[in-house]
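Once you scroll down, you'll see the structures, which are given as structure tokens.
In what comes next, chain A is part of two complexes: it sits with chain B in the first one and with chain C in the second one.
Moving on, here comes the complex of A and B:
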């Protein structure tokens, strides 16, 4: 009987040992001596699909880095998943990344509502997440150890854009046209904050639902407000629709919009030229920039992804992942979430083709907000951009 | 503002009505609600776009070839998918249309990509006519006119042609229609072809009014369905009236009550109509004898 019990205990210990050994041998999830696994979701289908180009842009940067030999002898394996801009799908994708694929980190990811379904899950599982492709407070409040935001904050972007219209261009009657969700509302927040500070009234605040395709009433409301300038915080489809509807009723204010609509080539095409004169903020170099990195990326783009259009939405995928790779570079051969985080915290005004990026140890929400700058440009009749300012710090 | 809201409402209502007419044509014959109608129209519009943009085919030819494609698509779906259903029930057939809708959406995303495009249309969507102080864009004006003309032609067709009467007979009793010598299978295919053409017209107009992309018909289709429910799913004039009313009600609600809840109005109308008058405003209540 004792012999039988001893054999049973021995078997149990052996089982525990077998289970335990691989766990301690596999040091870091998603990292081997030769490979690092990373993932990103993005809308490849559905109404927000033009923004899905971001995730494909990151794929280009991954390919470039791999072609150049990887980082510290490791190449990257990139998993792109289509969430159709549907939060339920994003959550499932995040679970797939963590539980099935076992990624080291998540990079980018378009959408506020979509990203919010995954944020807490990723943080609980201590998965580094670099550069969600939206500029909202949700990424930095509460402060998350593993989450590094890059996109300049919409609130500050809208605040400063309103200031530009008011102080530089002298528009006092300003209206707002926005998408009725977190993205649009944070734009409204910045506009209202500025106008309140200056004791100016917002003459109209008109919202559209994501699925709306008839904006004739919206256009009438904007026209009736008597606005001289209208700031829009919407997706590309709504931007095209509202410009057409306002043009029909002869309403031609000065339009201004966020960096989310800074793909001028696309916007010129879908608005049939009505995009001319738009004042845009930008979070990255212009498509035809002579910046050495832009020249290099354009050359690789021709070689590795000639089927993709070289536009802002596409190379935004590079902008929002460059700091991640810089962190991997600085972390050295011993890559773990902790060493990567320490490396990211050494970035001070580091710049790729996007805004200057700085992080610190997380004592204040802004310590995890990397991008704090934008610049302004105006769309010329040929669709190119006339740069109006240099990089402006919008977040203090 | 009131007059302008009415005019804009009529214009957008015309688009809803066109899609509703396309759905009603099929519903009248087979009692099937075709939820793939929007995506069939979207794919046809992309075909037109490819001819216009890539091959520079003149618009009238591109439109004619698109209608041919739409006929093919409608008949293809009816023969390859619906006709193959084993012991088909109406619900089963509706589910098949939902499946086909997803297939078409996926196909369009794969073939033409997710980017929005501007649909080259011969009528400007910005230039306007000034009618008694009210501005109506040229494309909105022509959309209303095309809808009225199409509706009138279809009304005459269903009322006075042998084929139209055969289609109505097929809807009322397929077995009896077959006994009377009507080739009901052929009639069903023909119905899908006509519906697909009307959908293609709606698709091209809606793309010209806004942008062309795979999800462009999601909202208009739901509104088209609401128009059908409002006017009566078996009545062509009812559908047109329903579309116009829905467009106007939505615009007035958005203009004077709440823009945020404007798009919900259509669904409230569906619920109210189904509770109060399920047959719709202009359709006679149809009772099936057992």
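Moving on, here comes the complex of A and C:
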């Protein structure tokens, strides 16, 4: 009896030892021999809910990678949290990720104000963050060791779009329609910077308040300016309103706009077909592209998440997380934040379905700005896009 | 015995030694709470969430003074909250005021605006006042949005605060916020028990009768707004620092309505209710989506939601449960959480009868 008890105790101790050993060997937060924990916040409810598709798109990529056997024998566990676009909730989620779940890294994340509440906290805790889903300078200035931006900068995007209209398409009378906020102003900044360089005058600069719903005077101002081309830097609602008003008074210039309005299926619907002819810049392959990766992702999408619409916002979740997984792949079996960062810094013109991505050691803000390219396309009468250019470098 | 012999006995903070002992025990509990949370992560709480709850509790107490005790309504408290937050950050950022100076100034700036908003309240009642205050809340954020001085629409980054040379962390903020909250709670309790509070309550019950008794309506109605705004302004200042970044967009209409809901759910005309309401609403708002991590039930709910509601998954369920809890509380206990407390207390007092 005593002997039996002894052997039982021995067995118990051995078990405890076996369980305890890997636990003590695990030093890197969020990484075990079989698993890597990552997280993302995104608005699933509230006014910004349509952008929530981004975080669910990342979920698809995680599932694909896991189905294919993971990376270096590790599978990913993905935590998606709804912040309803409220900064106070975003910060609570960031704390939960770091202190309770213990994630290895954060990927994506829609919104500037939301992400800004979490930025310094994540950086202080040395949590890698890859691909916030907005193109602003906040992510790269001041430069952060653990933060890798992807989204092409709005300012440079506007600069190059104006250049494209002027040099390639020969429009000299260009007007600007923008929403009077930080996003719209970044667009104006880029447009004016280009025109100043070329000593061309902006024929009209018309702004609308975010709350404005009657844009008839705005449309009239644009018409009276005699502009041949109008660049718009607005949210979807205002884009639809201004197109309806200008169509009503018979003003049909060449319109051009940014990549935030590049979901042409959605825009065709809310503008009731007026979106046709729009020149758009794009940060990712077109929805019906024959790019081998796009074909592969579309197949998995049908299999794993058929209920989702294959729209730009949805697969943007793939675009803004692909480089993260490439970094994990290159970091090898010994994955730590440091090895991951070194691996990310080896990315030179690496491309998934988004723009070519390059990073280097953090000496200059642009060393952490991965996406520096967009391409242009024109909306065809059936709502599909006719690709006009290849990837063009917009940030030098 | 519950008999009061004079006025001073009535306004005493601790009515009996039992209450005094319990209050001290509660303060000790608040003192060790961060340690408990860090050790056990009870209900997935973090110190940050407790800080947020405490800040919301200050707002709820302030709003309850206005809504629950004085019988006025405000749908614009997010405006005062924003004023407090931006004033504090700008004072510290631009003129490097210390926090303990900037915070009261922010409170007074906010209460000055509260006084101004109190003026139309003299003529407006019920739904009309609701609309006027709602307009105020939206105006404030719009003005902030359009002034570069306030950082424009982009917002402002709150400066890092130092305590004896080390950067302040959540746990340090916890003690700062908690001490302020305890002081402000005591202040509110005292305020309600004394002359001013009685005038507020008289106005709530019938403003005409109150005026006939000699309560100066102009003075006390605007005062109620000013006091309420002061509380909210202080809370706003603290909020800016636990968030680290403020942006006018975050102080929206829904925030004002959430504050109002906290007061109603907690119990109109109850300080303790305000705190309970703030705690429950904040906790549910942030933590309800954790139900997806419960084994078996969680994934089932996600599938159910994706199949029958919308693609966003668990958030649908979380929002419905959140709404349902609010409706059930108001339906079955019009006094809110405070009502539950009263009933439980009465039940145990008379137990086993």
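What we mean here is this: the second predicted complex is superposed on the first by the 336 of 396 C-alpha atoms of A that agree within 3 Å, B and C clash if a C-alpha of one lies under 4 Å from a C-alpha of the other, contacts with A are read in each partner's own complex, and residues count from 1 in each chain.
The criterion applied here is as follows: a contact is a pair of C-beta atoms (placed from the backbone, for glycine too) under 8 Å apart; a residue touches a chain by one contact, two chains touch by 3 or more.
As the structure is a computational prediction, the values presented were derived from the model and not from experiment.
Using the contact criterion defined above for the overlaid structures, shared-chain residue A:217 touches chain B, although it does not reach chain C.
Contacts of A:304 after superposition: neither chain B nor chain C is touched. By the document's definition of touching, both partners, chain B and chain C, reach A:49. With both structures placed on the common chain, the touch criterion links A:123 to neither chain B nor chain C. Applying the stated contact rule after C-alpha superposition, one finds that A:276 touches neither chain B nor chain C.
By the touch criterion defined above, A:86 reaches chain C but does not reach chain B. Contacts of A:248 after superposition: chain B is touched, whereas chain C is not reached.
Residue overlap on chain A between the chain B contacts of one complex and the chain C contacts of the other covers 44-46, 49, 52, 180, 211.
Per the touch definition, chain C reaches chain A in the complex via residues 41, 44, 46, 48-49, 52, 142, 145-146, 152-155, 157, 170, 239, 242-247, 249-250, 254, 285-286, 289, 306, 311-316, 318-319.
Here chain B touches chain A in the complex through residues 1, 4-5, 8-9, 11-12, 105-106, 109, 114-118, 125-126, 128, 135, 137, 140, 206, 209-211, 213-216, 218-220, 247, 250-251, 254-255, 259-260, 262-263, going by the rule given at the top.
Chain A makes touch with chain B in their complex at residues 43-47, 49-50, 52-53, 180, 206-209, 211-214, 216-218, 220-221, 224, 236-237, 240-241, 244, 247-250, 266, 269-272, 274, 309.
Residues 44-46, 49, 52, 56, 80-82, 84, 86-89, 91-92, 95-96, 99-100, 112-113, 116-117, 119-121, 180-182, 211, 307-308 of chain A are the ones touching chain C in the complex.
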